[in-house]
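Below you'll find the structures, each written out as structure tokens.
In what comes next, subunit A is part of two complexes: it sits with subunit B in the first one and with subunit C in the second one.
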Partner chain A sequence: MSEHTYTPQSKFGKWFNDRLPLLSLASHLTDYPTPKNLNYWWTFGGILTFCLLSQMITGLVLAMHYVAHADMAFSSIEHIMRDVNYGWLIRYIHSNGASMFFLAVYIHIFRSLFYGSYKSPREIIWILGMLIYLLMMATAFMGYVLPWGQMSFWGATVITNLFSAIPLVGESITTWLWGGYAVDNPTLTRFFSLHYFFPFLILGLVILHIWALHVPGNNNPIGIDVEKPSKDTVPFHPYITIKDLFALLIFLIIFSGFIFFAPNILGHSDNYIEANPLVTPKHIVPEWYLLPFYAILRSVPDKLGGVVLLFGSIFILMALPWLDSSKVRSSIFRPLNRIFFWILIVNVLALGYVGAMPAEGLYLLIARVGTAYYFAHFLIILPVLSRIEKTQPLPLSITDPVLTGK
Partner chain B sequence: MFKSNKIYIKILLFFFILINSSVSEEIKIPEHDWSFKGITGKFDRSSLQRGYQVYTEVCSSCHSMSLLSYRNLGEKGGPEFSVEQVKAIAANFEVIDGPNNDGEMFTRPGRPSDKFVSPYPNVQAAMAANGGAYPPDMSVLVKARKGGADYIYSVLTGYTEPPTNFDLEEGVYYNRYMEGNKIKMSNPLSDDLVSYSDGTKATEAQMAKDVTTFLTWAAEPHLEARHKLGFKVIIFLIILSILVYFSMRRLWLRIDSKE
Partner chain C sequence: MEKSGKKSDRRDFLFTATYTVGAVGIGATIWPFIDQMNPDNSVKALATTEVDISQIQPGKSITVLWRGKPVFIKRRTETEISEAQSVNLEELKHPEKDADRVKKPEWLVMMGICSHLGCVPLSDKGEYKGWFCPCHGSHYDTSGRIRKGPAPTNMEIPKYVFVDENTIKIG
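Showing the complex of A and B:
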């Protein structure tokens, strides 16, 4: 990281900056040296920042009109859709925004997996990222409960019921979560409160995430360290900002496609039926971005076992920097890891697919094989692979990627 | 960057096409060419007006539509009845209001600001009157069913003779597109059930089409505004991204030419 000292030009600027170095911070952010060979998979960090802010702003407006009460939540959403000026737009941005947020975060995570961004010295960035991801899932889950449709209600029932599997204290925990003996108005009001609060926690973690990033600087597609900052890097502004902006615009075009022309395609039609504790929907399915985990959860006949695997599947990712011991970061130079990376992607997509299907027959079988493979990938394949793999020779520097040290 | 990975992407795509085509046990719902489909989709104004007629004259005796107000019928992007027509429509309904200064509830003719009057005071009453089945509220029905407008239309036109050996209880009817092929609503439509003032022939299919159009608007009253705005937003984003792309290229030339 560049340790330059920044002195503001104006007298007032200097006076201010000596007391609160905001200008130094701004100057650090604009000059931040960034590897010049970053590809578009690196633009998703900026896109995610946009998504978070967009969710917070649209959410703020929605909260002005939404009524967190079991009897009124559903119709207050419809009031927003029908009577609030551009309420439909705000709501569709927020609901599709959640999906786009997850789309971006999955790309961001798999980018890290492919290019080994989780490896030393970026372990803390990675772990902060996983914490962000956990909070995102919690936030999205609670947000989905707020419209108080059938899927809201039954999704909440299924997921909160999981906690009852915890030995001894499980039942009390569920009762405590619900604020009663079933999902009901107290559940809705606390979910609303937490759904409003969690994004601020996420924002805090994102600041730490970027702070931690600015210590070692960015990884890059070939995964080697910056040798000569003057040759290998460009200042963040304007070179990276304009690239991020371009990628964001393309992302927004796709986002707008959903908002304006298929706003309900990613949701479940049952959520336009008001919650009814007496009628259980035929298939209770979570939102698409949680489906792989849902498949893992249902792959074991035992409830506690399912819950353990569910949380295990996420926490195992936190240990990734230590499970993969290869010194080479980028999979471009790791022929074996590259193959298993793609198998993992297929596996996760397959889990997502069966997560949407009833847990029976062939689907259940695929879910079981997929779950077993998922854990095998991180616990067996990766540790072994990273020791036996013969990596390809690395380039000497970012600037001369062709000059391999053959 | 991913050149060497193209082959994997292809395998992946193939895999999903394979899975997707191999499993489909559900009833296929035929698709129709609705005027409101697609990027520039708009409602057919006269079809909406006819659809409203079918709704009030036929469906509203069982199905409520509690999220709509009479004023919506005159709003832009909907059936667009004139202010006078909306007032007249609303006045046709008896609305319970009150309490008045004596503490009594009273009825008065409807006003445009009133919500659509429901046929039953509550869900239980609706079920009791319909042999235990609840005629669902129609405000968002189109969005609450997989297949949307195509599904609603299919159900309305899907009444056929049951196959032999098909068991139907009392008050249950055979429908090709309902789950389990059973529905507790008798076919609500039959030719010339209503008479359209614009001279359109009221065939069963025509009425089904009109009422489905109306229900789609009811569920998504800002659909036209959404399509219009979306078109503009996307054109704007495309132009802006082209401009940004070329400025980016210019800017990066400084870096790339140094190599």
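Showing the complex of A and C:
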């Protein structure tokens, strides 16, 4: 946090603040200078904070009624849906909330990709964000297992079996993860425990993420540094708080649309069949937000290779600040990167689509081309592009384009 | 002057209207999160209990569970009934006639919960041959009325009906 000279007005306030500078923190958060040209793509940080808190509060309530036992989990979910007052509402907020959380995080990540928010001096913010994303995926996966439906059970089986691909120790690791020789009650109870705990880790990382953000300050759509704070920035409150709130309300309207009108559209109907260790569903798919990675996994005709590429596709993102060496942050001034950014988006969406389809014929071919392109984008295209690209001239300041009418 | 006054009125109205709608919305959102802790439908479904009393001998009592709490059903003897009926009401901490506490004098149906702090009293114990609460020493008579000790009121009588000679429905 930057140097702060805030002194409370009241005597008690001063006494308290000298001992625990909460008031200084509040003042810093209120006055925090924010680039005045931020667009609505910058409102997703606030939306994501809301999503995390909403998941934690609804999850706290669900844990009051849910029973983490292989024999009772499935019927306790039905108990929540039918008996508990407003249980249906709270469960639908939680299950659709996971999807909305991922929707928001993907927009947030692609915002960073387009505007170069991962570049110096914001690499740590980016890496913390990627760690949050990894934990989110782990938490969502374990949460999906808890209803103990067919998709829960077989999703858990498939994902935990990924670890069996590790040479030599793979089998032991899987047995250790399961607490047995197959996914069963011990797996369910530990997943419940960890599903409850991980959000607190996420919350901790979110605090670090915001702390790291407040050192250099926000990036902005034109990606140049703030020259004169008095000219180029506005205080966070009320300007950004009200804008974030407005964006959050729009987001909540869409969120409510899912909760009240299509609460099961993003889920899979097989998960309303109780887990059966003897029968695998005809067609196993993960939740939509994991589909691109699922496509990458299935595109490789080798067990270990598929797992390596799956994890590689996420870890490669952490190296992004060093793979892209362009000094210009915003893609507004990077004509080549702008094109490849959109190709990457189409590629990821295509991978998501084929991830939901059976792994055969044309779908498999698309998955393979898409996987190859995904890695080529980060390992070949970006490093080369960032060196040869002729970027467009940057404005002199954040205010400059407004004043000169460009 | 007049014009600017009008403008600020309209803005005030918009602010108040926004805050009001916001407050209603937040309240409506919070309510489900509070109400989910109230008894749910599966709990409410257990609101009545039917008990077969044909096997109870005079002087004996049984304890049944209703809504998770014990209910005493006691078949009183002639002596116990006359004791309960002959008490001078002015001696009582919580004056109630025995006739008001039973539907048939032979049968006393009563919540088995001490009115002090919710323990279950022991039957046929205490100075008044009714119930005695081991937690803090409250003595109840054969009508379940508080006679001595810290409990403030008599033991509560639940809603019940005699479905037939041998069956009581509590709740």
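In the analysis below, the second predicted complex is superposed on the first by the 398 of 406 C-alpha atoms of A that agree within 3 Å, B and C clash if a C-alpha of one lies under 4 Å from a C-alpha of the other, contacts with A are read in each partner's own complex, and residues count from 1 in each chain.
The criterion applied here is as follows: a contact is a pair of C-beta atoms (placed from the backbone, for glycine too) under 8 Å apart; a residue touches a chain by one contact, two chains touch by 3 or more.
These figures come from a predicted structure and were not determined experimentally.
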{"item": "Joint occupancy of subunit A by subunit B and subunit C, clash or fit", "value": "fit"}
{"item": "Partner chain in contact with A:Leu29 - subunit B first, subunit C second, else both or neither", "value": "neither"}
{"item": "Which of subunit B and subunit C A:Arg82 touches, first, second, both or neither", "value": "both"}
{"item": "Partner, of subunit C and subunit B, that touches more residues belonging to subunit A", "value": "B"}
{"item": "Touched partner set for A:Ile259, first subunit B, second subunit C, both or neither", "value": "first"}
{"item": "Touching partner for A:Ile207 - first (subunit B), second (subunit C), both, neither", "value": "neither"}
{"item": "Partner chain in contact with A:Tyr272 - subunit B first, subunit C second, else both or neither", "value": "first"}
{"item": "Partner chain in contact with A:Val61 - subunit B first, subunit C second, else both or neither", "value": "second"}
{"item": "Which superposed partner A:Ile332 touches (first subunit B, second subunit C, both, neither)", "value": "first"}
{"item": "Geometry of the superposed three-chain model: angle at subunit A (Cα centres of subunit B and subunit C, steps of 10 degrees)", "value": "50"}
{"item": "Nearest Cα pair across subunit B and subunit C, whole Å", "value": "5"}
{"item": "Contacts on subunit A seen with subunit B and repeated with subunit C across the two complexes", "value": "82, 89"}
{"item": "In the complex, subunit B residues that touch subunit A", "value": "1, 4-5, 8, 11-12, 15-16, 19, 23, 39, 67, 72, 136, 139-140, 143-146, 148, 219, 221-222, 226-227, 229-231, 233-234, 237-238, 240-241, 244-245, 247-248, 251-252, 255, 259"}
{"item": "Subunit B partner contacts - residues on subunit A that touch it in the complex", "value": "36, 39, 41, 75, 78, 81-82, 88-89, 92, 221, 234, 238-239, 242-243, 245-246, 249-250, 252-253, 256-257, 259-261, 263-264, 269-270, 272-273, 332, 338-339, 342, 345-346, 349-350, 353, 357, 399"}
{"item": "Contacting residues of subunit A [partner subunit C, same complex]", "value": "57, 61, 64-65, 79, 82-87, 89-90"}
{"item": "Footprint of subunit A on subunit C - complex, ascending", "value": "31-33, 35-38, 40-43"}
